[in-house]
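Chain lettering (A, B, C, D and E) follows the sequence in which the chains are written, and residue indices restart at 1 in each chain.
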């Protein structure tokens, strides 16, 4: 199984663990992640406005480059995934945006949304299969009570992301089961951690993150997993409790597969 | 050559205000075959019709063209008038110069010219019209009612009352439907069971009514007056004729862990069960999916305890065939699955319930014997939040909800709130609403009582998220009038989930060739004037299968539907629409192209002998149309390459004559 | 505005149950559309034989439009689905023969859509007018 | 209701939102995690854009409080997408010369050691042009 | 092959399996082949031929022949078997009265092409390894098969028999990449004006001889609408350009979804109008709009105009390709 891989800026700096373990696990599971050459920062937030073209270009470059490689495009960071998937959707459905982007980029072959964008978790679920992962686990995390923290970006908008049921997702819970731990389901798992508001208004981020953590803790979670560096940061830094560990899901996977 | 009379209607100033009717009458009077042409104030009036009839007599007219309003309006009127003078009604054609001319054009010259052209087209058609005789077909004097809820029961009772036989086919083990599950009914608060169960008993005891419970419709063939239906009587593994409904088997059955659908899965039943005490027929049914005997061959307790030997583990489904003159669809509704709205926590907490689940929680015969207890810890809830419009009134593009208003939720929520406040005055009840819709007799008064007398907190706003934490349901909601976000720690959250047609409706619609809308509600023949008939002749609509309704509305529609069915069954013969397809056997190739596109199965084939050249005979396969089944759509006429298939009243030549007249 | 404005001839085949009623609805609501549009009532859009369409062009029509119930709403359950297939193929063929595809159209207009009826007919009439006279499929003998 | 209000039309065009679909249920505001920080709330954005009151919205700090969590977009039963209106109003402001909400040189003071790039890039994208 | 076929035909006549044989017989010239019914071994010996000039599709003759007394043997080339199946699906022939022998075909020669090469006095033809050896009164000549093959055979869709009682010779394969839509695509790529000019150029030559209709195995109406004075559209001859168009459009429409693309219409057209391009347009559109469909491949298949899908494209939708 070979995919184009878009790591994103954060995974090259503060979010190295997400990337490092992701690559190790992929290798262990027989998945080849070929990092796209010359990728640029996706911009971290999806430019929602229809008249925003320049801010969509780097995502389209990555998409077009993946198309030219003839492979599906895998992302790992939730934010990158959200931006690239939503821009891809624009390229498929909004003729005006597609036209203007293509005019700007002047690619040899205009890009019209041909690339399939997959999140790393989708590769695990739909290509590798959780059963295969279960079979590959060397150190099952038996006894651990782990809460999935989806946050916003993987799930929403559901009509575009098509990742999982946006109000009742199961992919991370299935993942947690596959690595031998017990999933803890709590209502705040798909509520916002505060996101980039942390830059300007720490108080607001504290409110959001602690509500998430408190709910998870009340439900008995000892660990939360996430796919987003910013979520990880907020929950750890602004969550206000240290009795619940917050880790990247790839780190737990690496632990379970014995490649950490 | 036809002798055609032309009658141009002024329709007061409706037509004459924009169309020069005198000029139209004059111009059309010049057309070949037209021997009389006039105009009149109101052709549809009694004197207008007299004028037409006099002209028919006087000028020995063989064909009539009326330039007037839409044929959808008065075609029947003018056809009747012509028939009274011995002119075949199908020799009358209407040129629509009101809706299609005078009402949409302002310029008199332009409108007059168009009216003349439409008149010419009608004249060209009448030249090719042939008198048509409506055929007759006999009527089987029995009705089939599909669905045994309150709608089906009421329709069946009314039909039986008129002296006709009725069969009710109900897919669950008992009739009663959703109403049997309800606690009280708005706006009178009388107990649902108290008013429903006597009707169920009436139906069971009425000798004109046959109840086929635990049965499903397998196939339907035929047409109005002459339907043939196959009904699958699913095996109950209990002999209905022997079972007395004593219930001993249901007490002794060791398999106790079967989710009880009658109580919305809030408690369990046995593998052999009678859905509820007043079930009709009151007969036990074995659920083969759970019965130990059926699964492993070991147990047989029910058989041992049964005093009448009614248990029969070897029973098989049987399919019976019955004939009917009319079919009533009364398939009702189901609430949508609340799990797609998990921002309200339905999947996360048992204390988030749907309104129908609440009905069971409040019902004296329900899992808590009528005491309102939270499903999670069986404690008394003190703060209850009701969420309205869960899945109703959504945008067309919404993937979770329905675009329509479910109509009943505002009222039953007021009922629930009121009943709870009355029984448990220490309870705080909040209702989050978008609009409170209470059109209905004594409805708004009822809602106001909930607010004013019972102190229910109605809040204009919606719930955005329900978070279960430490035994409380943290409800985050908006109060739009206060422009606030509210945070309520509730003990119970009740979702007023949208209702949708029963899942079987779509396949049933296909089987009956009855049309449906995009929401799978059956379409009525006319939204205002024929609300209880399907456009497919002989199919009638009762209850929520046609659109959301409360009980009083359902019952009125059910009775209206019965009246329509009785109208059919009371006739010995039915006249058919004579504008049907017919096949010219001399031209027919027998290729079956027409048969494939016929939605009614009206076309059949037979081998016929034809004279060939040199006194030989040839046997050819040719199509023939059953005029009683054909509805006259004309799909076959275009599928036929040889032109053998044509449509009476809308023949190839007639339509081409209209085309020619318009393009001239 | 030209003095001698060209007015196309347009034949509209309307099914009795939806589109003809929609046209009546347009009338009741006084929603004007060009007088060039003349309606022929057929029981169902599936009654329209390609022959009728060609006949109209032969006799000098400049545009032909077929209007029926929305897919799924056919009074006869399936008629308009057949119309859709037949006309998809026929129109594609006419285009293939070099006959302007804008001269033919199928529209789904319900009995409730008087406004859509009027709008559709106005648009179609304008489109056909902009193409000018139908020269590619006419019988010169029928032109006066 | 305002017609021909240029600012409102620009916001509608840029957001692609059909505000007339709104049925005033208030679910957006009910679900908004940034409610407490906002002066005008999601449902008010919808209503005020419809009324053409762009100036009030543009002058309000509310436009910098939306977390772009898409909860209102996801849960709106009418498909109205209020977050896109917030974004469109904010863009209308920061696209003007000198109207950046966050200057690049102000950032170091806001940083801490662990804060990921993603947060800064997001904030810059949201707050400046 | 001819000898094998003749032998088998005689056996079947002799043992009473059939009482007639439908095959090909040579006409005035050896390349002028006509369909014929043989009733005796003698007749077969005298006139039966099968060679690379035997282009005629015999299936249509069964409409009449299969309704006569007794069973008839028919020889069908692969492409003819599609027509046979289609006629069967439409109940136009009686299967129980027919014995089908499938015979191979590697592409029939177009005698016009040979003549255009200056080959005269043709007496016979043999194809081997992609080469026709043309026997003439002046001695043998060889030509590359591709240069002398009938147009329709150059883009043959299938050398596989889809129905038979027995098979003589080798069985071939369906060719999915036969490029038979190349010319249709070329026309589609033209501007409407160019297309109009192309078709006027072609159809204006039509003399309404009805050869296309008479040979077409899908045109088996008891009476054609164009011959029926009651149909309102009957025409004896195409007087105007419209009538040329009307006849061919309606004919193509009537066989749409039923035409197996046997190419007989173009073969017999004395004016060399490429009529098959009309039928192929419908076939191509049907494949693209509603999924691949080959008329005659499966007599049980639902014909594309006799069925529908709720998600079908709208008429006029999706550009001209």
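Structural remarks
Note that a contact is a pair of C-beta atoms (placed from the backbone, for glycine too) under 8 Å apart; a residue touches a chain by one contact, two chains touch by 3 or more.
Just so it is clear, the model here is predicted, and its values are computed rather than measured.
Think of each touching pair as a link: the shortest run of links from chain A to chain E has 2 of them. Listing every chain that touches chain B and chain E alike gives C.
On a Cα centroid basis, the chain most remote from chain E in this structure is D.
Seen from the Cα centre of chain C, the chain whose own Cα centre is farthest off is A. Separation between the centroids of chain A and chain C, computed from CA atoms only, is 52 Å. Chain C and chain E have Cα centroids separated by 36 Å. Between chain A and chain B, the centres computed from C-alpha atoms are 47 Å apart. Centre to centre, using the average C-alpha position, chain B and chain D are separated by 46 Å. Residue positions of chain D touching 2 or more other chains, listed in rising order: 36, 71. The residues of chain C that reach two or more other chains are 50-51, 55, 72, 78, 82, 86, listed in rising order. Touching of two or more other chains is recorded for residues 158, 167, 191 of chain A. All chain pairs that touch, listed by label, are A-B, A-D, B-C, B-D, B-E, C-E. Partner chain E is touched in their complex by these residues of chain B: 586-593, 596-597, 605, 618-621, 639, 641-644, 652-653, 656. Those residues of chain A that touch chain B in the complex are listed here as 158-159, 165, 167-168, 185-188, 191, 214-215, 218-219. Those residues of chain E that touch chain B in the shared complex are 67, 90-92, 220-225, 228, 230-233, 254-255, 302-303, 305-307. Those residues of chain B that touch chain D in the complex are listed here as 343, 389, 391, 393-395, 397-398, 401, 434, 460-465, 476-480, 483, 485. Interface residues of chain D, counted against chain A in their complex, comprise 13-16, 33-34, 36-37, 64-65, 67-71, 73-74, 83-84, 87-88, 91, 102, 107, 110, 112, 114-123, 125-127.
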